[in-house]
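You will see subunit A twice below: alongside subunit B first, and alongside subunit C after that.
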Partner chain A sequence: MLVTARTVRIASPLRSYTAGAAVVRAAGDTAAQVLADLERHHPGIRFRMIDEQDRIRPHIRLYAGDRELHGLEEALGRDEVLHVICALSGG
Partner chain B sequence: MATTIWVGTRKGAFALKPDARGRRHRLAGPQFLGHVVHHVVQDPRAPACLLMAAKTGHLGPTVFRSVDRGRTWKEATRPPAFRRAAEGELARAVNRVFWLTPAHATEPGRWYAGSSPAGLFRSDDAGDTWEPVAGFNDHPMRSRWATGPGTPDGEFLHSILVDPRDARHLYLGISAGGVFESLDGGADWAPLNEGVAADFLPDPTVAFGHDPHCVVQHPARPDRLYQQNHCGLYRLDRPARRWTRIGEALPRTVGDVGFPVVVDPGDADVAWVVPMDGTSVWPRTSVGGRPAVYVTRNGGRSWRRLDRGLPRRQAWLTVLRQAMCADGRSPPSLYFGTTGGTVWHGRNGGESWQCVAEHLPEIYSVTVAR
Partner chain C sequence: MTLAPRELARYSRHLLLGEVGLAGQERLRSARVLIVGAGGLGSPAALYLAACGVGTLGLVDFDRVELSNLQRQVLFTTADVGEPKTAAACTRLAALNPEVRLEPHARELRAANAGELVDAYDVVLDGSDRLDTRYLVNDACVLRRRPLVSAAIHRFEGQAMTYVPGRGPCYRCLFPSATDAGAESCAEAGVLGVLPGVLGTLQATEAIKLLLGLGTPLVGRLLSYDALALEFREFPFARRPDCAVCGERPTITALAEPAPACAPAAGAWRSLSANELAALLAEARPDGPPLVLIDVREPHEYAAGHLPGAQSVPLARLERALDSLAGAGTVVFVCRSGARSERACALALERGLRAPAHLAGGLLGWVRWIDPQLPLA
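The block that comes next holds the complex of A and B.
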């Protein structure tokens, strides 16, 4: 089965793992698959976003296009970009 | 002796490097600007190696490692994490790596880490990969020993102590939960809280549920423990199991609430504390706005105020549990950092104090590296 290679937009706090790149490519038809591929190419990045119980961390948001994902197994559309957003307020 | 003082803050790590005569300190850093740095600890078995417990506001917790005395750092390949929860089981995730302790001298490369929520982790490769210590994390009593975020900043596992005579003899503290002891390398644990007050509980004589803020063990006389607790200051001389409250010898107007306790590596009867206001709504600031360190030279039977050089009035300092240390001199130099971002150096065992850094972010830890 073909797995879709797609664009992933990386928030600035995670770019130390992507050599500063704001946009990378990773393959997968679900967020779980994309993040696994991302981890293969950028070791350590997944655990900073996803905890050991496979939950999205409290101040991380994942979007497929403009649709927020609430779990890692949600299917992604063929051309959808995966956005990793860091959301936190306060000093 | 050339020492570096590592300062972990809410916004990164800094290093204070005294000159050869120890007269001036040069501030270096920040490193990992924006990271929440809870602890920076040197490995006494391999002094070029340091570990740093860190996270950011957005990102999950991790550990950074240096093998060149903190010049460069590399992230752990597998940071501390709980095991995957079984169906129907409470699914715990490490929120912060809070505490780091090098293991026994005969176990090079082994480290322990404590987390929030309370978890114990072990590394056998100098901090690169970490495994949960099932003997504590999956102990049948664990959910009763550590009941969750009952304290303002969450539940912490801290003060992991390794008996220098026996690598398998461990202690740890949980805020809130109490002090626990293992005689078998962490496979099993038992509470060690007899004699400690728990004024905030309906039954103050409970076996666990206490709130130790900091527990230290004397390196050369390991039967001597000191504990700064939410409910007072204590000493324990093993093999006894009952803590003795030694804070009642502090002036009644000062009280015996605080976070850190530091012991003199050269004399188990000498220890320092930083009393804080634990009255009414528990401000946790210098009593009366007049900061002072207190020293005992007789195991807590009496205490003497050390405030020469510290502000005389309107100074409302808070010193957290990891934010005070002593170097290896005789008598030692002391250092403490405040949540207001100031580092103080107390020469000659704290007889006179000097501000050596200010305007830093909120200080979480102050540790010495040789």
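The block that comes next holds the complex of A and C.
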């Protein structure tokens, strides 16, 4: 089964896992699949977003385009960009 | 209450705007705005709010001006280094606009004073640099029903949102908690100097809009700004029925001291105050149990100044060094603010190191309480 390769925009505090890249590519038709592929290429990044119970961490929000994802199994549209948003603290 | 001739001249460009006019300018003059944090965000916000004639500005900050602040904190000059930020800010703002009443609050925002402070103002701007303060400010604004304009920055990215009581979600609806965020401050992650200028100016814009009842506030929308791509994006978010402070059955009904933003599981590692570490170091004897002090800051920070006997192992290289620390004795990690040293503890625990400790509040606390002469990068 073919899965969609899509653009993922990485929140600034997580870019230490992507060698500084703000935008990466990862394959998947659900957030779970995209994050699994992201983890394969950028080890450690998924745990910063998702806890041991597969819940999105409370300081993280995931959006497909401008649509918020509340669970990892929600389907992503064919051309939808996955945005990873993280609470920032600097002032 | 009418404007004096000198005020008519000073605010003439506002008076030309039908949306502001004389009535709006008088409304600004009677308004009270509280700015939490006189840093990168608070600087441009305070300057613009003072310039445009907001009648009373409160500034909360208990830090002193450091040379490294001047790259982005445009309220201050080189001559202000070492001065309390609120005092230096008030001097600068009074020079800009002597019509503005300035209220410096040179103290840390705590649960005990946050409600009272917030209560005394019409709009609150949060430009603090700690997540736990952000939650405290949010909770105070929700409980006291005060509008809040919140912004934050990291490296080349910023975000902003506005809370208006009864009109939309609060900061906790956006990010319910950040106990495992491991957030880096500007001192650790770096920040493009001009970035807080953009976000702080947006905060001032929101405050003026709220005071004048103009336009559409940034309610229920997270504005994200990427300076490198020069892109603004909006992400909608809704009020959470289960929000701990503004939800249907709130669990936060009074202000309480927040747990540290990166609080570990109880007993996982020890957080030492500067005084406790100083006592440990003083008690350490050559024939006693070894105390290993690991400085996890970057090499240039270590080179600028470090604790006697501290070994330099930057956080990025710590994982490889941990094996050699097993059985080495009591390991204490230190960094600038306590955030990286706490992550070092978490990493050390994952790798099986027993009972690591770290300097809570970092070397900033050490400088404040133990050794003001220790140079920090």
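Operating definition for what follows: the second predicted complex is superposed on the first by the 87 of 91 C-alpha atoms of A that agree within 3 Å, B and C clash if a C-alpha of one lies under 4 Å from a C-alpha of the other, contacts with A are read in each partner's own complex, and residues count from 1 in each chain.
Criterion: contacts are C-beta pairs under 8 Å (C-beta built on N, C-alpha and C of every residue); 3 or more make two chains touch, one makes a residue touch a chain.
Remember, predicted model here, so these are calculated numbers, not experimental data.
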Of the partners subunit B and subunit C, which touch A:His83 in the superposed model: first, second, both, neither? second
Does subunit B (first) or subunit C (second) touch A:Glu68, or do both, or does neither? second
Please indicate which partner A:Arg57 is in contact with in the superposed arrangement: first for subunit B, second for subunit C, both, or neither. both
For A:Leu14, is the partner it touches subunit B (first), subunit C (second), both, or none of the two (neither)? first
What is the contact status of A:Ala22 with respect to subunit B (first) and subunit C (second): first, second, both, or neither? second
Once the complexes are superposed, what residues of subunit A are shared between the subunit B interface and the subunit C interface? 11, 13, 48, 51, 57, 59, 86-88, 90
Mind listing the subunit A positions that touch subunit C in their complex? 11-13, 15, 22, 48, 51, 57-59, 61, 63, 66, 68, 83, 85-91
Parts of subunit C lying in touch with subunit A, wherever the complex brings them together: 37, 39-42, 126-131, 134, 151-159, 174-186, 189, 191, 196, 222, 224, 226, 228-229, 233-237, 261
Using the touch definition up top, name the residues of subunit A that touch subunit B in the complex. 11, 13-14, 43-44, 47-53, 55, 57, 59-60, 86-88, 90
Please give the residue numbers of subunit B that touch subunit A in the complex, ascending. 34, 56-60, 62, 75, 77, 79, 81-85, 91-94
